[in-house]
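Below, subunit A partners subunit B and then partners subunit C, in two separate complexes.
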Partner chain A sequence: MTLTGWEAVFFWVFAVTALMAALLTVLARNAVHSAMFLISTLVSVAALFILLGAEFVAGAQILVYVGGVMVLFLFVIMLVNVGAEERGKEAIFNRTPQVVASLLFSGLLVIGLVIGINQGWRAIQERDERDNRLVEVQVRRAQEEQALPVAATNTMKITRDTERIGNSLYRYASLPFEIASILLLVAIIGSVMLARTIKQEAVTDDLDPEVLKEAAPLITERADLTEG
Partner chain B sequence: MINYLSLLILQGATDSRVSSAWDGIKQPDLSKFLVIAALLFIIGVMGVLVRRNIIVIFMSIELILNAANLNFIAFSRYLFNTGSPNAIAGQVFTVFIIVVAAAEAAIGLGIVIALYRNRETIWVDEIDLLKW
Partner chain C sequence: MFLLLQANTTELYSLRDLMLIAPELILTVCGCVALVMEVVLPYRKSKWTAYFALVSIGLAAASLASLYFANRDLFPLDGFYGMLRIDGFAILFKAIFLIGAALTVAVSMRYLDVEGEQHGEYYALVLFATVGMMFLACGFDLISLYISLELMALTFYVLVAFTKREKRSNEAAMKYFLLGAFSSGILLYGMSLLYGVAGSTNLGEIGRSIGVALQPSVNELGMMTSGIPLRPLILLGVIALSAGLFFKISAVPFHMWAPDAYEGAPTPVTAFLSTGSKAASFALYLRIFTEALGGLRGTALDWAPLVAIVAAITILVGNWAAVTQENSKRLLAYSSISNAGYVLLGLVAGNSYGYIGIVIYLLVYTLMNIGAFGIIISLRRRGIIGDNVNDMAGLAQKAPGMAAMMAIFMLSLGGLPATGGFIGKYFLFGGLLQRGRLEEKSWYYWLAAWAIINTVVSFYYYVRFIKVMYLGERVADDRPLALSPALRAALVVSLIGVIIIGIYPQPFIDLAQKLITPLTAGALAFR
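Take a look at the complex of A and B:
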């Protein structure tokens, strides 16, 4: 599996963009800037998915992450962060010893992972060179790609990626698929329950009586506010 | 002069070590994707460990999950090219990771809002109710 020509160029462009934007996500002082950099990381990673021939996952990534999750993040930042932004002088990182320790261990992790990946990849390559089955597999894949229909724009072929994901999802992963839908339902209900105000909890009679006694002035005050 | 330079470059290119590194850059393979995913993962871990803002910590968790996705997709492509019968499983798993990440973000941000309403803070070192 190697990328060549323009694919290689775009691989480096998007890989470097993803890494730089990820770094800036972690380093940016303003949380809104962090969210923007995270969006560019996610889009770059989606482009890497397309280079790897996973068009459906790339589309899902952009729709779900950029269109859904990041909008949710931005809403919460704007609900929560106004005071902290105005203060400005607040430290954005933990205390120095913690930062130094985590930098140290992350550096060790980087070195270990890069060495491990390179050695493992060399071993895999040696194994693949010994495997003479691979040549005919590559010939078969090339034939399959030749047989694909050409898109109307005449620039590329229409791949069967989405079709294969759909088949696999409903044939072999139908139970996890249903469990995922229940997970989403639970997440919706849970986040609605979590984000209620104390007044909404009091209205549905879902409060501890003692908490209600403490919060009573607050609730009436808020009721006055909403009526006024 | 130019001939001499091109000769030098050609000699450098035929030197096996230089050419293998240059080939690796010119033709990125599975290992390059894995290295990029590992670096993304580590940047995410750094974000979780280093930042004080709980929302940025959630974003770093999204980065970590995305690095895992990149790994899955890269291996899926590699296995497809080496003729594995069920190489698409990596992409299917990635879809599930995206679902779980969305659910996690929704719940986590709900908790952040509830927390902010009660404690008026988003700095994780001030959220120490469970500390003794």
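Take a look at the complex of A and C:
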């Protein structure tokens, strides 16, 4: 499948935007700027999903990442003091050997990918043409599109995209889906455990008596601070 | 139960699928119960959670055994739409993980008391990490494999930072987390490239499509088109995948995190990290490289030279860097790096000798390494860190039994005959020689010779422990060791395992041979 017309224009616009914004995410000194650039990366990737015909994934990407995760990120950045890094004048790339090595390896990776994907794509296309698979797929797609129900505004058709994702997520990928829930549970346990202060542990009787004895003055001091 | 039956009626998955993951289900449920126990119990009763964790590991082992005995001819069983495959390989590795988890829980109890961090979450996290490992052993799809790998890794990030009031622990966790996340990204990159080539995430499907892609075929003009156009993509995928996995098993260009993480982590976590996590990563490595990429052996894209070179460097660097270490946890970290190199040799050999070697070596390594760390744990007391090699001085006078055990673990790590370590190394090196004779290529011989020479070097630092314990002039300290019944039991179990496998290995070899057959059959199917 080769992109033509407006599709190609949009693809290049969003692909370049995603790449540049990702680069700026890493390079920005201000953490808030970083987060903002990350948001534009995610939005551009969502646009690329739409070009691929995966509307549901695009919507989920914007709702979950941009709407949920990134807002949380911004909250955390604004609550935590990150001033020191902003004020720094030191160059970000200050170690020449490391910069050279990383540029070298990323250059090699880019060359390898360009060669590999070019050749591989051509090989797969040749194979598909040989088997007449492309025509088959196009005919089937057209038929499917005909069969789709029309939306209420009568301007477009409702895709089966969401249904397909739901099917594969809760059927084919049901096991990884469940494992991911354990993963999230572990993440919650870990963050709560690591973030709990000594005072909170003492209150819930979850602290070693000797550690408590050593830390007792500290705890009362903290208590004074929070009350006062 | 009602919910499960309901799931059955909508045909999402059948009850049979759930039976296949019964051990993991038991561990998950017990992990959640352990969390509740942690909330309910006051601090001084936190140890009950540890005993509960041991019981749940026992239950999981029982259900694993019933899975084995229900299917003794070990016909591979697929479940969850091909997401996992229960075969001898999976059962064998799951057994290794359960042994490692049980020993870790046993050696942890007193250590956490001494650290003043006896929390029930620790045992819950160990259980969840084991669940991740077990899914790694039976996953048959890149998605489920990746998620289980992340489950295991994330749990270990938390466990490494578990003694959170200790600076070293925090630093270790930070390093491990950053590099681990980075390596996961590389691994994912390789997986996505393979998916691009094969159009499927199922390992069997990937193996089949790669086989087709590499086959020369005749196009309509009567010209031979070989699989060359897809080769660069496959090659890139294999390289990225290997790089990510080399991180996980701490093979040499990617080993930097291991010494720091091992030194800073709480010692029982170090023991579990160097055995369970490493064995699980090897299970993943074997699974992908035999089932999905096994067809590449003997073609122009053979990955064996890559793995062989990495293994050779890993063995060299691990052994020589260990020689100069003063901290015993750091020393064992380098020793664990070099051992990863030895195990990689089994993959290079790629025949039943090599696979038996991998399995037996990982089993013995789990026993002897947790044993060695158990002794280091017993040296940790209030006010004494005890993780310097010289802290063992005079141990032979103070605690002759412990010193003898440590000596045996060390000799086994080095691979002295009549210990378990020797049997593992024998099969690993023997597999290389067999392969070399079969293919008539001399570099297999050179590789085996290289590994043997470096094994001799490794005796230098293993024997150093023994020298310090028996010939040390002064006693490092005269306070009694921090021993508990559970720690003692764990040490004795590891010792018995190491010695039995060393002296009478035949039943283990037979079992491993029987259980590993599907793997060799899978690799041979492409030839």
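Note that the second predicted complex is superposed on the first by the 187 of 228 C-alpha atoms of A that agree within 3 Å, B and C clash if a C-alpha of one lies under 4 Å from a C-alpha of the other, contacts with A are read in each partner's own complex, and residues count from 1 in each chain.
Definition applied: a residue touches a chain if its C-beta (ideal position, glycine included) is under 8 Å from a C-beta of that chain, and two chains touch if they have at least 3 such contacts.
These figures come from a predicted structure and were not determined experimentally.
Shared-chain residue A:115: touches subunit C; no touch with subunit B.
Subunit A is touched at more residues by one of its partners, and among subunit B and subunit C that partner is B.
Applying the stated contact rule after C-alpha superposition, one finds that A:13 touches neither subunit B nor subunit C.
By the touch criterion defined above, A:189 lies against subunit C but remains apart from subunit B after alignment on the C-alpha atoms of chain A.
With both structures placed on the common chain, the touch criterion links A:104 to neither subunit B nor subunit C. Shared-chain residue A:173: touches subunit B and subunit C both.
Of the two partner chains, neither subunit B nor subunit C is touched by A:158.
Touch criterion met: A:207 reaches subunit C, while subunit B stays clear of it. Once chain A of one complex is fitted onto chain A of the other, the partner contacts of A:4 are limited to subunit B, with no touch recorded for subunit C.
Taken together, the two structures place residues 113, 117, 124, 172-173, 176, 180, 183, 186-187, 190, 193-194, 198 of subunit A in contact with subunit B in one case and with subunit C in the other.
Within the complex formed with subunit C, the residues of subunit A that make contact are 112-113, 115-117, 119-120, 122-124, 126, 130, 170-176, 179-180, 182-183, 185-187, 189-190, 193-194, 198, 204-211. Those residues of subunit B that touch subunit A in the shared complex are 25-36, 38-40, 42-47, 49-53, 55-56, 58-60, 62-63, 66, 69-70, 73-74, 76-78, 80-83, 86, 88-89, 91-92, 94-96, 98-107, 109-114, 116-117, 120, 122-123, 125. By the touch rule above, subunit C contacts subunit A in their complex via residues 12-13, 21, 28, 32, 35, 38-39, 42-44, 46, 79-81, 83-84, 113, 116-119, 121, 124-125, 128, 131-132, 135, 141, 143-144, 147-148, 150-151, 154-155, 157-158, 161-162, 164-165, 193, 196-197, 213, 219-220, 225, 227-233, 235-236, 382.
Those residues of subunit A whose C-beta lies close enough to touch subunit B in the complex are 1-4, 8, 11-12, 15, 18-19, 22-23, 25-26, 31, 34-35, 38, 41-42, 45, 48-49, 52-54, 56-57, 60-61, 64-65, 68-69, 72-73, 76-77, 79-81, 83-84, 90-94, 98-99, 102-103, 106, 109-110, 113-114, 117-118, 121, 124, 128, 131, 133-134, 137-138, 140-141, 161, 164-165, 168-169, 172-173, 176, 180, 183-184, 186-188, 190-195, 197-198.
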